[in-house]
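Naming follows writing order (A, B, C and D), and every chain is counted from residue 1.
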Amino acid sequence: MSTPTRIGLIGTGRIGQVHARSIAAIDDAQLTWVCDPFEQSATSLSARYGGQVTTIPDHVFAAGDVDAVIIASPTPTHVSLIAAALDAGIPTLCEKPIDLDLAKVDSLRARAASSSVPFALGFNRRFDPHFAGVHRRVAAGEIGRLEQLTITSRDPAPQAKEYVAVSGGIFRDMTIHDLDMARFFVPDIVEVTARGANQFDSSAAELGDYDAVQLVLRGAGDELISITNSRHSAYGYDQRLEAFGERGLLQVGNVGPDVVRAFTGETVEAVGPYYNFFLERYVDAYRLELIEFLRAVRGEASTSPGFEDGRAALVLADAAEQSARTGASVSVDLRA
Amino acid sequence: MSTPTRIGLIGTGRIGQVHARSIAAIDDAQLTWVCDPFEQSATSLSARYGGQVTTIPDHVFAAGDVDAVIIASPTPTHVSLIAAALDAGIPTLCEKPIDLDLAKVDSLRARAASSSVPFALGFNRRFDPHFAGVHRRVAAGEIGRLEQLTITSRDPAPQAKEYVAVSGGIFRDMTIHDLDMARFFVPDIVEVTARGANQFDSSAAELGDYDAVQLVLRGAGDELISITNSRHSAYGYDQRLEAFGERGLLQVGNVGPDVVRAFTGETVEAVGPYYNFFLERYVDAYRLELIEFLRAVRGEASTSPGFEDGRAALVLADAAEQSARTGASVSVDLRA
Amino acid sequence: MSTPTRIGLIGTGRIGQVHARSIAAIDDAQLTWVCDPFEQSATSLSARYGGQVTTIPDHVFAAGDVDAVIIASPTPTHVSLIAAALDAGIPTLCEKPIDLDLAKVDSLRARAASSSVPFALGFNRRFDPHFAGVHRRVAAGEIGRLEQLTITSRDPAPQAKEYVAVSGGIFRDMTIHDLDMARFFVPDIVEVTARGANQFDSSAAELGDYDAVQLVLRGAGDELISITNSRHSAYGYDQRLEAFGERGLLQVGNVGPDVVRAFTGETVEAVGPYYNFFLERYVDAYRLELIEFLRAVRGEASTSPGFEDGRAALVLADAAEQSARTGASVSVDLRA
Amino acid sequence: MSTPTRIGLIGTGRIGQVHARSIAAIDDAQLTWVCDPFEQSATSLSARYGGQVTTIPDHVFAAGDVDAVIIASPTPTHVSLIAAALDAGIPTLCEKPIDLDLAKVDSLRARAASSSVPFALGFNRRFDPHFAGVHRRVAAGEIGRLEQLTITSRDPAPQAKEYVAVSGGIFRDMTIHDLDMARFFVPDIVEVTARGANQFDSSAAELGDYDAVQLVLRGAGDELISITNSRHSAYGYDQRLEAFGERGLLQVGNVGPDVVRAFTGETVEAVGPYYNFFLERYVDAYRLELIEFLRAVRGEASTSPGFEDGRAALVLADAAEQSARTGASVSVDLRA
């Protein structure tokens, strides 16, 4: 067995814990540092998964026994932590988004572009085996030229008003995953059209945010992409995708823990509910995302999305916001 | 358009009405006689679908404007009506069974064998497009050699006790359809094993009949066939089949009127109930059965099951009864 | 049996033949006149389904033995034929669209509004049992308030260039069905956003038409509706709908002739292809549409879509065209 | 975190490795000993999952740092190892079967019955979440009284002839899992009927074994149970179950790694192949089986199948063999 990659984890909230579990499940990875300003939380995670505890991120970057860093702290800390990681020359996997403000993202852009240190952004859905399977089959030509992509993404229930208030709005907080999924299949998006609605969540309305949106993206090859979002879903987390091409369609349906089907006098073929939310639905994706990032850390070829992918998704989210507000399609140039 | 085939219908009960509707839906068929001892019933059916009315079957055979006869009267009348049809030289489609008593069936056997007049027995399920599709694909070699056949057949609810009392028992009344379906795929059955149970229907138990049975048939090529029957099914008429071969499996699931799937907080992918019973489930099969019979009437090649198929199913039902009573497998020789 | 409704059929092309077959299948309807400028076609249809033959529509309106007329002639004839039917006071079922030019439609609008003679427009999909079932269940409150509607509609293959040239473009020719389906669920549409693409059909491109479009409609209650269209589909006619509400989702999947599923070493659960096109897919819908229209003819309550529904769909198609050309959402007021 | 349960693993073949992986995935379990007469295999497994290495099982029983033993060695060693475990008073999870010879099993029966040391037999399928889910729902009364149980179980490909030669035959080697599954739902089986066939595997025929069998079991409450087995399956490991009761049906279909469905001009709704064999299909079941066993080790209530379950399955397999050879149903009394 090779020497395990030593990982420092910054942020021990919900996602930080997911990453800690993934590290524990990967043979050649080892958690060596755990950092959180809330020391109790870091200590608790460390007790379970190992690693030295600190409340100061710089301790992690300077520790010397850290081959890679995972940034899972709140969004406002990302830019300075990424900068610190670039300075320290430590490979980094950072949770999305880089920042909610494109200007701040762009302040890092040149440094990120000129750096040879691996940097991966946590668009975990690219690593979901089902979405990745469709991507692989489309790339292999199974459905010929890709013409239409249909993405459905509904959260089980609205976030708390406090969360929504600092989330950057539905496009930057929720749709951004679907915008990246669109770019996974059609990297060069050239036009964004978006419409938003207020259907059920008075908190969102009070904050000037939408609770349901519908987008149409256009790719450079005249591909049309539909994204349907809602902040609630009575039947659980709704995560589906259809890739339509000249020779056929590949479809990812929802996934649940249960394959038992029930047949009664009222309904037939009924299965139990789907996974409730992303921690259950994407548990494999988080682990596979980490494995792919570790390839880059070891100097191997890696397909992890990077800084420019994080920036592109934000550009598209900003464009969607603008389109929804003005009623006009917005042209974008992600290559600029 | 060619001259329509003129049809005399004997028996205007539930199945007789199905046939009358099929005749009306077929361009080159015409109902010319309607016969029922209950004249009111014949008159009523005639008013809707045409044809002269009589209470005497011989009038139909002697009418002169009848190219074919459909016998849909009660089982005890079948043997004498078939004999009359053979005497009159009129092509006949007779509802199953020929008779519940093998001796009576055999009394007609030689005459039926030596007759060149078309005779079809109403094993309508052979004409269900789904079962027929599997049969065609198996014959075309899609799954290679057929090795196992699994037939599931459950009625929605037990028949009335009075009906069960004269039905000949579950094997001759209900299983007989599945025995013919088995022979549709594996004509030469050589061994019958059956077990019966009394699970829910006290009427059946009082009559010494079973309400649920499980059979194992063996074909001459060592094929194994499973038949599962129950006299009730909470979720409607349960009619399924699986053909398993060396290269794969072909499966016929249940069919319903509705493709709408519902997703709620309790279950997902739930569809409405299946068809409740055979009149709905096999409406196409009855029509296609008649069309195939009319081919024979016109002197064309036809794949309708005939007298020997009716006899074979009864032989197998008798063997099943004997096996269920004795606990021993029963060898049969359908070619004898 | 009541006196059958006597029907005059104008137009004996593909759709005219569908209606003739429906009339033949409906007990209390009778085809009394068949009209087509191509007399051979009228004669041929009459030979099969009955009715006197003429090449002059006025003969039908003046015949005296016509209780209702079906207009299935080419689109440019619709306005004058509807006018003639209104003048004659004969109930009419007219194939969509009323016309491709809103000004011509509006020239009839006042007369249609003031007429008490039943007029139905042939938006047959409203009568598809599956779509109608979802509509009924949504109306019954099964999923609570309707929030999002997702309509997928793809033709199997592009029409001939000559057809496309006079079709009015994809929005008026193809999307119009989906726009009416949107209004079936959300009658008051207030905003249309559309994007078009040229992906595979050079004929369409040459004519300045799109071969794939994606629309977003907004209802007066802030409902969001997505429509996805393509002029081709390798797997056959793709006709699906999802109604999403606060308490769940109702989904209509594609329908095919076959329920047999195949399991091999390569794939499992594979079923045969779907219905190839609308004549097969919507055969029930055409018949049920006619039955509903006949209710109105007999003076009974009827839910058939009417003149205003035909006009509204065209208004929305025009708005879609404008939106696709300008890149801006278009507000509409269907109540004006 | 509590002190981990220290486990000695005897046998490091395919199943031994599965258990080692499960131990590694369970927080409060630790592999302390690894035993295999083939030392290289034990050393290799130990290098990956920890534990001291030995070639002598007695070293494990005597080590002092072993709270539980897993017996995953070849079947002929089970009886003596179980005896040693009982002598040492060490809780044991033993792979099925106890032995292929009922006399040997019975030689241990009294000791096993009088021992208070936990003993679990590795009928892992009881712990499959889907089968266990159906069991739980049946027990909760969801389908009322259980009347019929249908078990389908097909291996992907025949075993090597050398394996089959010492396997005890298809009933004791393969069907035994289904016999235990039958008992999971209907513990008191009173009658066994079985038919065997030779369809494709000449090796089996040469050894006097069957390659396909069909069984009918009867429960003490007149339940009927169908078991369908084949030694090959072109579409992968086929593991399905249906529980039919007075109020409905619960169905476990096959499970695969992939939910992507493909739609082409040839077939629609096709998914990728199922899991190929039991190591993939039952990976969760193995882990959950171990977790349940560890409950017993810690003195908590546990539902693990035990010695009597292992004996009962063998009694049923012997009865099946006898029935298949004689053509007569065989009565059994599992309570004797």
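The rule we apply is simple: a residue touches a chain if its C-beta (ideal position, glycine included) is under 8 Å from a C-beta of that chain, and two chains touch if they have at least 3 such contacts.
Everything numeric in this text was worked out from a predicted model, so none of it was measured.
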Relative to chain B, chain with the most remote C-alpha centre: A
Chain pair, A-D or A-C, that carries the greater number of C-beta contacts: A-C
Centre-of-Cα separation between chain C and chain A, whole angstrom: 42
Touching two or more other chains - residue numbers and ranges from chain C: 143, 234-235, 247-249, 262-265, 272
Sites on chain D touched by chain B in the complex: 143, 145, 147-148, 150, 152, 154, 191, 193, 195, 197-200, 212-214, 216, 218, 222-226, 228, 230, 232-235, 238, 244-249, 327-329
Footprint of chain C on chain D - complex, ascending: 234-236, 254, 256, 262-274
Residues of chain B defined as touching chain C within the complex: 1, 25, 47-48, 129-130, 133-134, 137, 142-143, 247-253, 255, 257-265, 272
